[in-house]
Structures are given as C-alpha cells and as structure tokens.
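When the chains are written out, they are named A, B, C, D and E in that same order, and each has its own residue count from 1.
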Amino acid sequence: MRTAQQPRSEAARERTVHRRRQTVRSVLIAAGSTGVLGTLLVVAVTGAPGWDRVRASFFDPGIARAALPEILAGLWLNVRLLFFCAFGALALGLVVALLRTLRGPVFFPVRALATGYTYTFRGLPLIIVLYVLTLGVPGLRLQGMPSVLVLGGIALVITYSGYLAEVFRAGIESVHPSQWAAARSLGLTYRQTMRHVVLPQAVRRVAPPLLNDTVALQKDVGLVSLAGPIDAVRAAQIATADTFNYTPYIVAGVLFVLLAIPLIAVTDWVTLRAARRQAGG
Amino acid sequence: MRTAQQPRSEAARERTVHRRRQTVRSVLIAAGSTGVLGTLLVVAVTGAPGWDRVRASFFDPGIARAALPEILAGLWLNVRLLFFCAFGALALGLVVALLRTLRGPVFFPVRALATGYTYTFRGLPLIIVLYVLTLGVPGLRLQGMPSVLVLGGIALVITYSGYLAEVFRAGIESVHPSQWAAARSLGLTYRQTMRHVVLPQAVRRVAPPLLNDTVALQKDVGLVSLAGPIDAVRAAQIATADTFNYTPYIVAGVLFVLLAIPLIAVTDWVTLRAARRQAGG
Amino acid sequence: PQESTPSTPSASGLACGKDALKTRTGGKLTIGTDDPAYEPWFTENKPENGKGFESAVAYAVAEKLGYARADVVWTRVTFNNAIAPGPKPFDFDINQFSVTEERRKAVDFSSPYYLVRQTVIALKGSKIAGAKSLADLKGATLGAQVGTTSYQAITDVIKPSGKPQVYNSNDDAKKALQNGQIDGLVVDLPTAFYITGAEITDATIVGQLPQVGVPEQFGLVLDKDSPLTGCVTQAVDALRNDGKLTELEKQWLAQTAGAPELT
Amino acid sequence: MSVLSCRGLRKEFSGHVVLDGLDLDVAEHEVVALIGASGSGKSTLLRCVNLLEEIDDGTIHLDGEHITDPRVNPDRVRQRIGIVFQSYNLFPHMTVLDNVTLAPRRVHRRERAAAEAQARELLARVGLAEKAGAYPDRLSGGQQQRVAIVRALVNSPRLMLLDEVTSALDPELVGEVLTMIRDLKAQGMTMVLATHEMGFARQVADRVCFLDGGKVIEQGPPEQVFATPTHPRTRQFLHRIIEAGRL
Amino acid sequence: MSVLSCRGLRKEFSGHVVLDGLDLDVAEHEVVALIGASGSGKSTLLRCVNLLEEIDDGTIHLDGEHITDPRVNPDRVRQRIGIVFQSYNLFPHMTVLDNVTLAPRRVHRRERAAAEAQARELLARVGLAEKAGAYPDRLSGGQQQRVAIVRALVNSPRLMLLDEVTSALDPELVGEVLTMIRDLKAQGMTMVLATHEMGFARQVADRVCFLDGGKVIEQGPPEQVFATPTHPRTRQFLHRIIEAGRL
C-alpha cells in the first residue's frame, strides 16, 4: 500500500490545479462573505436609531463590573443546585423507569403509580411545584421540615425525574429484543439481564437526551430564586433594581452561556455521533 | 392455515389449566396488591400528623371553585401563546438547522452565525431572555414596538428555536448517507435532495424530541407573566395571595396536567414506536 | 390609628427585656426585610445603616426592647415568603406589610407603625396623568406587584375595564411604567413619592385612592403565635405614644403630604 | 435415549400456525440440519426448544426431562442448552472476554479468574486468543460468530442450537465458522442447526430434516435428501435453490 | 466507441490506495462483471464512475465525454448513468410510484401524469404493477431491488451500474432480480455489475474482470476465467469461494 502524494498524469495535474484554485477561491469567498455580512450587521445594529440607548441600557461596562461579584455569588448557588439536582433526578428517574418496565401482575399498582408520576410531573409547570413545595408545604409546620433551598431542590428533582424516567424507558425499549434473547438464553434472570446487558446499552443510547435535560436543568435551577434564595438571575435583578439598567442581565446571560457551552458542546457531539451511528446502522 | 383453538393433547390441556389458573392468580394478585398499596398510601397520608392542615391548605373545594374562573381565563392565554410559539419556534428552528447544514465556503459566516445562535439560546435561561425582551427592549422606545405579549412570544420562540434547530440537525444527520447517494445518483441537486428525500425522513425521526419540546414549551409559556400578563399560574398566585391557601396552585396544576396528558400520551407513543423501530432495525 | 387591633395580645404584665425575650438567637434580634429593600423605606439597599423610615423604626423598636444596634441582625426574606404560613427565619419583618384579616390567619402583626394610602402614579404625558376621579382611570391599563394590597386596590377600588398587569416586583412594574407598557402604577404613597421624585423623574402622582373600609396600616410581621408579638406591639405603642414615630415620619417621609385625592 | 425429543409441537402467532404437530428426535452426538423455505418455522422451532417461546401444544423433553412443564424454571433449562443466532447478538458494550464469562460469573457464580482462564482457553482453541480484550464491533463477522459460539459453549451445554450461523457472513468468512462447527462435531457435541446453505448442511449434518407446513415432511442423510428427495415439496424447494445458484 | 472508458484511475482514502491506475473499457451492449475479494474496490470503482467519489488521478469518459473534468456538472452526468446499490436505498417515506417518478418529475420536469404512466408501464413489465401504491417496507427484498432498478431505468440511462444487487436477498428471492437483469441484457442495456455470486456472474456477464491490488489483473469470458484462471491470485480467490460452497 503506497501512500504516494504526487499525482502523475496530465489530467490529474490539471485537476489538482483546478482544485487548488477552488480552495483559494473558497477561502477568499468565506472571508469576503464574513466581512460583508459582519459589516452589514454592525452597521445595521449600531446605525439603528436606538443604538445609543441600547448600549447605555444593556452594555454599560461600569455597571457590569459592579454587578459581577453578586452575580457570581448567585451563580455558585446555581452550580451547586445543578450538581445535586442532576444526580437526584437521574437516580429517581432511573428508579421510576425501572418500576414502569416491571412485568407481572404483582407490580401492577407500582407500574400504574410510576406511570401516573411521569405524566403528572411532565405536565406540571416547575414553577407550580416550586411554589407549592417552597411556599405551601412549610406552612404545614411538619416536623423536620428542610430549608427552602432543599425544598426547591426537591421540586427540581421531582419535576425533572418525570422526564428522565421516560428517557430511560425509551432507552430500555430501544435495546434490541435479541439482546434479551441472547442474555436469557445464557441462563441470566430478568434482573441480571436488565442490570448487566440492557441498562448499560440503554444509558449509552439515551445519553443525548439525558445531556440535553441537564442543559435545561442548568437553566431552570435558578427558578428556586422565586422562593427566596438569590441565584444569578435574581442577583442580576437586584442589581438592575439598584441601577435601573439591564446590563446585569446581560452579564448573567453571558455567564450562563459560558457555563453551558462545554455541556452543550458535549451534548452536540454525543447527539451527532448517535445520529450518525443510527444513520450508519 | 387453521386457527384451531382447542388444544388436543393431555399435556396441552394440563398446560392450559395451569395457565388459566395463573391468569386468575395474576388478576387477584394485581387487585390485592393494588388494594394493599392503596390502603397503605391512604392511611399513611391521611393518618400523618399534618394531614388536616394539608387538606385545609391544599384541597379546599370552596377556594378551588372561587379561583377556577380566573385560572381558566389565564390558561386560555397559555394555550394561545403555546399555539403561536410552537409554530414560530418550529419554523425558526428548521431555518437555523438548514443554515447550519449548508455546505460551501460562501456560507461559512451564515453557518457560524447559526451555530452561535444555537449555543447562545440553549445556554441562556428563558427568564433572562424574557426580562431583556419584555422589560428591557421596550425601554428603548423604538418605533413600532410590539406589545408585551408579542415580545414575550418572541422570547419563547427564540429560546426554543435554539433547541429545535439542534433537534432538526440531528434528524438530518441521522438520515443514512446512502439516501443522499441514491438521490444524487438520480440527478437530484442538493436542494432537491434535502427537500424531497432528507427532510421528510429527518422530521419523522425526530418527532419524539420535537413533541417533548412542545410539552416543555407548554409549561414555559406561562413565564411571560413576569412581564405583566396574567397566565394561569399567575392567576393562581393572585388567588393564593388573597387567601393564603394553596388550593389555587393545585387547581392550576391539575388543569395543566389535564391539558398536557394528550400531548404526553402522543409523545410517549411516538417515542416508544421510534425506540422499538430502532431496536427492530 | 391609636387603637390597637383587638386580637393583639395585651402587652401589659409581659416581661419585655432583652433577657426575657425568646428570640431566634439569644441576645440578638433578627429582623427581616426583602432584597432589594426600597427607598424611602431604606436607603441604598442597606437596612443595617439605620437610614430610611423602616430601618429607623426597626432600630427604635429594637432599642425599646433593650437591644443595642450591634445586637440587631438583618436577614433577607422575599415579600411573599414573609407573609406565607410557615416557620420564619426572623423575629420580626418590616417590609411595608399592610395589616389585613386574611394575612392575620397566616402571621401575627404588631400594632401599626404607619398609616398608608395607595396611590396611582403615571408618566407625565400619559392619558391618565390628569385624572381627577376613579372614573377617569376605568379605561387605563394599571399595574402592581403580585400579592400586595396595591393589586387589591386595583381590582377592588378602581375596577378598571382592562386586565391589570401583575409583576413579581415593583422594579419590573416601574420598568413597565417607564416603557409605557402600563398607563399607571399603584403603590403606597411614600413609594410613589420616591419613584416620582428620584427614580422616574418624568412620572407624576395622579392621586391617592379613596380609603374603603378600615384604614390601611403597616405593621411588623411576626411568626404566627410568636411569643414576641406582645412585646413588639408594646414597643411600637410606646414609640407612637412618645411621638417617636411621628418624628421618624417627618425625618424620612416628609414630602408625602399633599398628594391629590381621587374621588 | 435421545437428548432432545419433541412431540406434537404446535406454535401459532395470533392465529397463524407456524408449527403444527411437529415431531423431532435428536440422539446424543448427532448433528441435525433443519432446512426449509423462509418462514417454514426453523427459527421458531429452535426458540421453542430454548423456551424463548411458549408452545401451544405438545411436549419437549431434554435428556428425558419434560422441560415444557410450566412448573419448570426456564432459566435452569436454558443453562443446559446453547443457542447461537444468525446475527451473533454479542453484547456490544462488553469485551469478548466479558461476553464469554458473563454467564459463568453471574449464573454459575464462578470466580472471575477461573471463568476467564476457561474462556481464554476456549478462545485460543478457535484462534481468538488475542481478541479477548477487543469489543465486538472491532471483529469481523466470522470472528463475532465464533465468539458467540464460544459464549454458548462455555456453559458446557448438552445441546447446541445454531440458527443460520453463516448466512450473515461474507462468503470468505464462512470458512472459519464452518471449521469450528466441524470441530465441535468431532468432539461429539449434539447439535441442531437451521440453515439456508445446502453445502453447509451437506458437509456437517448426520441427518437433514425438511420443514414444511409446520412439520418435518422429509428426513434422512444429506446425500439421500439432496440427491433423491421423495416428497414433491422437497424437490420443488431444492429446485428453486439450484436455480439461485446455491447448491 | 466504448460507452465507458476508465484510464489510470486512482483513488485513495486518507492514504489507503484502493484503485491504483485501473483501466476499464465497456463497449455498448456489453455486460461486465467485476469480481474480487471484499475490499478490492469494486464498489469504489462504481461510485467513482457515478461521480459520487472524486478520483485522485486518471480519467473517465462516458460516450467519449470527459466526465471527470472538474468543470462538468456532476448532476447532468448522473442523469445518464443509473446505479443500484446492494441495499436498494429506496426512499422509505415514498410509495413505489413516487420513488420511481421522483427523478423524472423533479430533474426532468416532466408532467406528473406522463411520468406516472411511464413508471407504471415499467413496473408492470417487471410484475410490480399492483405494488405501485405500496411503501417500500411492505415489499420483499427482491421486490424492493426490482423497484430500485426500475427507478434507475426510468431516466433511460446509457449505462447501468449494479453493486451487489442480489447479495442482501434471501436465496429464494434472488431469482426474480436475476430474471430482470437478464431481460435488461436482452434489451441491449450496457451494464457493469459488482458481485460476489460467481453463478450470477457466469450467467449474465459477457466479460468477467477480477480486481486485485487496485487493478483489473485478469479478465475474459466467464467460462475462461472461472475454468482456467491464469493469474495465481485469481486461482487463490476462486479456491476460497469454492471452499465456502459458493461456486
């Protein structure tokens, strides 16, 4: 197997020249069109009648600097909540999914409960669950009532596990029946097959939606601030109240996007790989 | 092909008897376990020390009746917003996805913009986009500024189209390259292949996540209420503030779930069919 | 406003010294308010500086109960959390809470420290800027913060033909007013003066809403059946009786006299 | 006594009768090839024997034990029968070694070291020693199929069921698997194999059974069945196969 | 003049040379079968001829026109070449009729009615008249493959390229497709087909070309190549095929 680089015939040389010319043209065109489009956008935006006011209201560097520490402190709350809620929701979602796929009549009520759970919490706006759990439930003054933050976290876990349960279930169903047959024919029991053969494959299959839900969760954890704790968005809101300027929201938004980019990039990569694998299979 | 029903051998008869006995046993067990579990749940809940207070705070029929009309009026806003935003986000998401899959150097800046768009709006919490668009942007007092509701709808469309664009793109990538080859080998151009061969298959593939995002959207449209309009959750909140009773939230929650159930059922059905097709493929 | 509300436990005979009070943290007095805390009730969102009417009242109450400035601890609780039923992270909360019978089911109130009127403000060029009566406001789009008596004033007193706009906070509502998204904003009178005087200078006070039923008063919020309610009420009563409240009102809310009345 | 004995097997799928009173006996050390048109029920028969499908009538005995008795634990029965499918069905998330040792470790509760030693020995015997750590998708079809056979063999089954084990393979890779099955036969393994490849049936089977209409309608040594089929259906089937260039 | 003429074709995939100076001429009405080991480049050659892959060196002429000239519009060239793949690649979301009429309607801008009439006639000729409204997944493999051939034929191509068109089919379904290809040959269609089925090559090809090392190293009438191969590589390849029972 040679790895010769130089094409040898006249036709090939001509083709190479043509291609090289095309590559150069491509780069030029790309640069040119980027420049033109970029200029157009800049002119359109900054030349618009309200641009000065937009800049003053949304892009004031002084205000951004002043608001940053508080917003960062709030973001730390988001990150911590994300961490715990993501694990909690994954664990609870998996349990609910397993309950929903149980076979046999004894498990009928468990299956029904699990189904009802996924329907309820996929249909219920997070904000209602949050209000009920963080404002309503403490009013009962039951013993050992946890803090608002924990209650808010529970609301997030409950809501998201409703989604994740369905994601896991779709993953379990997407494992080919022949894998079940192969495992059972070796003498493995239902549990062993689920544990060692089906679940590992199911989780791999649904990695893209799981990651997607994590990105969504990252954006939603901040809603606990409706119940009091100060997250990044709320910190921006407070700063906005001080100054009557929307720059703090932009700062919070940029931080959120920066925080999300790695997660989104991983999600896209995993999703495309899965899509291509599906295409390739 | 006969479709005889009566088994004929001794062994078969024995097996039939055994199976019938098992069926009866199954039904009994299901009924029994449901009963036991149900009773346990009811006793555990109603016997808990705070149950009376829970019932008074969360399940007061009088308050529910009083709050219902306002909540229904709010829900009508949610439904209308859902309708328009769902279509808007689907259309915009598709356009962004198509831009992102364009080939050729001329389109480099468009591709880059589309990519940036999906990253930004998947990373940005909806609530920030909502604040900036519904309370920040009108402050510029540009001409022809639309109403808060329209601005809120735009915020929803922008945020969700970031997700949907990625969903569509994954769908496009999941169409087997051989479909491209088959279409191109018939002489179809890139556009024709995309339009007639790839997109129709892609959309079918990603129907489950598209529907899932619609369910999520249904829950999120209510957030426009932070800019003033009264949606169902806000109506419940107002009723709650009047009475310090959380029943209105429960009423709103039940309505949301009822509204979502058909959509969720369709989503699950489509998802499972897709999962099984993947398993079967 | 001199009569304390009937359900307030009698303060007489209570030992209200610092050592006798069972506060959340012994020897300290924990006072709650919202974040941000608004002017003119507080200044610079710093309740601990003693400036602004409510901050000053809070420190005066603390002093009457025997707490030095250093013994006062501030905590931040959102408006809606503070008046919701449930355990409270403060000994008392001061945040422009109007005393209502509904709220009394969920929390305790001290005797009132301020008599308040709801007020409509609008941009100077607005179609309702010159309104003289409630009837002039019927066709306006009005806004208020959720869960406040201001919102109730819209629905119960003004009863406009259009739907009111409701906001999570007065900040959002002010922004909407400034943007022209609402014609008028309903807030309490001192807040109205502060907004029109310092925050939205092209806004003006349209007028005070008529008082229906019992006069609206601000009270300190305590946990339901708090052991401190009696003593706090006693302290507020004492401040009222020795003229301290009037003095603080003059100092921090001086300009609030003379807003037009809407009929 | 025969290792496998099916009597009057009947299996229908929602009214469509696939097996219709089928009888089949397989003696110890015997290799039986099932042939028949697509849809004649070869795979269904193998799945019924392995209790992956519930039969509607008849009985199956394994080593004289009535295994279709509803009181029998199917997991115990399956440990004594190895089955290999056309599509290999290796577990894609496990290495070859983990695929092979899964059953010994989880079902038979053997030590990891002992299970792996045995697995490596078996893999070495079929020329896959150096593939022990590889994942299935890094193997050729023929290699995957040999791993699947090893995975079934490691349970030391009394009976091996092979369902079209070569038909998903490139023609050049078929040889490896054929060699392996010939070796198994030489070691005295009792086997039932369903196949479309008449050449394969001819080479390894002691007896060929032609399935049609849910029954075995003709059987005998391969030379006899292929050369002088007696039943008209068998003749017709073989004729079609010859036409397609595959006999 | 030959319909297809490849000269010095060279194609590499990231350094791995698949075609290495390959020459091939196909005369009008000629049927050429490409044989060779898996990976020898048969599919790559066909894809290069259809301009689905860019070649690295050499030239391809179709009816004397230099189609690998970079200034040529590949869409126009492809309209004159029909290609059918092993895996049929029908469009699963369209009926058989829509599959067949897609190119006439979208590429050639023909009226729907005219396109459908022609499509129905062609479908009827291969016994698929009543399947016009069916979706591909309701058809057997053999039927799908015939539809794929009709879809390529409806453009009236000068040259048909067939890549392993029978190897995904059940042996009993191969016959239908074979018959169809024999009919095409009888009608004088120029064809290049890649195949693993030596029986198929023997039956339909005028000439067999054996690919190895990126070149055609032996060619001739099928009787000659199969009976008396001259090149040792050819002999070795045919020996392996015979061993697998497929000659």
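In this section, contacts are C-beta pairs under 8 Å (C-beta built on N, C-alpha and C of every residue); 3 or more make two chains touch, one makes a residue touch a chain.
Remember, it's a predicted structure, so these values are computed and weren't measured experimentally.
*Asks:* Starting at subunit C, how many touching-chain steps does it take at least to reach subunit E?
*Replies:* 2
*Asks:* Strictly by the touch rule at the top, which chains does subunit A share as contacts with subunit E?
*Replies:* B, D
*Asks:* As a test of whether you follow the contact definition, which chain pair has the most C-beta contact pairs?
*Replies:* So the chains sharing the most C-beta contacts are A-B.
*Asks:* Cα centroid separation between subunit A and subunit D, in whole Å?
*Replies:* Measuring from centre to centre gives 46 Å for this pair.
*Asks:* Roughly how many whole angstrom separate the Cα centroids of subunit A and subunit C?
*Replies:* 41
*Asks:* When the C-alpha atoms of subunit A and subunit B are each averaged to a single point, how far apart are the two points in Å?
*Replies:* Here the centre of subunit B sits 15 Å away from the centre of subunit A.
*Asks:* Can you work out the whole-Å distance between the CA centroids of subunit C and subunit D?
*Replies:* From the centre of subunit C to the centre of subunit D is 83 Å.
*Asks:* Please output the residue numbers of subunit D that touch at least 2 other chains, ranges allowed.
*Replies:* Correct list: empty.
*Asks:* What positions in subunit A touch 2 or more of the other chains?
*Replies:* 135-136, 139-141, 176, 237
*Asks:* Multi-chain contacts only, two chains or more: what residues does subunit C have there?
*Replies:* Residues 80, 84-85, 106, 168, 175 of subunit C touch two or more partner chains.
*Asks:* Mind giving me all the chain pairs that touch?
*Replies:* In this structure, the chains touch in these pairs: A-B, A-C, A-D, A-E, B-C, B-D, B-E, D-E.
*Asks:* Would you mind writing out the residues of subunit B in touch with subunit C in their complex?
*Replies:* For this pair, the touching residues of subunit B are 57, 131, 135-136, 138-139, 141, 148, 225-230, 234, 237-238, 241-244.
*Asks:* Taking the complex as given, what residues does subunit E use to touch subunit A?
*Replies:* These residues of subunit E touch subunit A: 8, 10, 12, 15-17, 20, 56-59, 68, 70-71.
*Asks:* Could you pull out which subunit D residues touch subunit E in their complex?
*Replies:* 37-38, 170-172, 174-175, 178, 196-200, 203, 240-241, 243-246
*Asks:* Using the touch rule from the top, collect the residues of subunit D that touch subunit A in their complex.
*Replies:* 47, 50, 52, 74-76, 78-79, 81-83, 85, 87, 89-93, 102-103, 106-107, 151-152, 155
*Asks:* Subunit A touches which residues of subunit C in the complex?
*Replies:* Result: residues 35-36, 38, 45, 76-78, 80-81, 84-87, 106, 168-169, 171, 174-175, 199 of subunit C touch subunit A.
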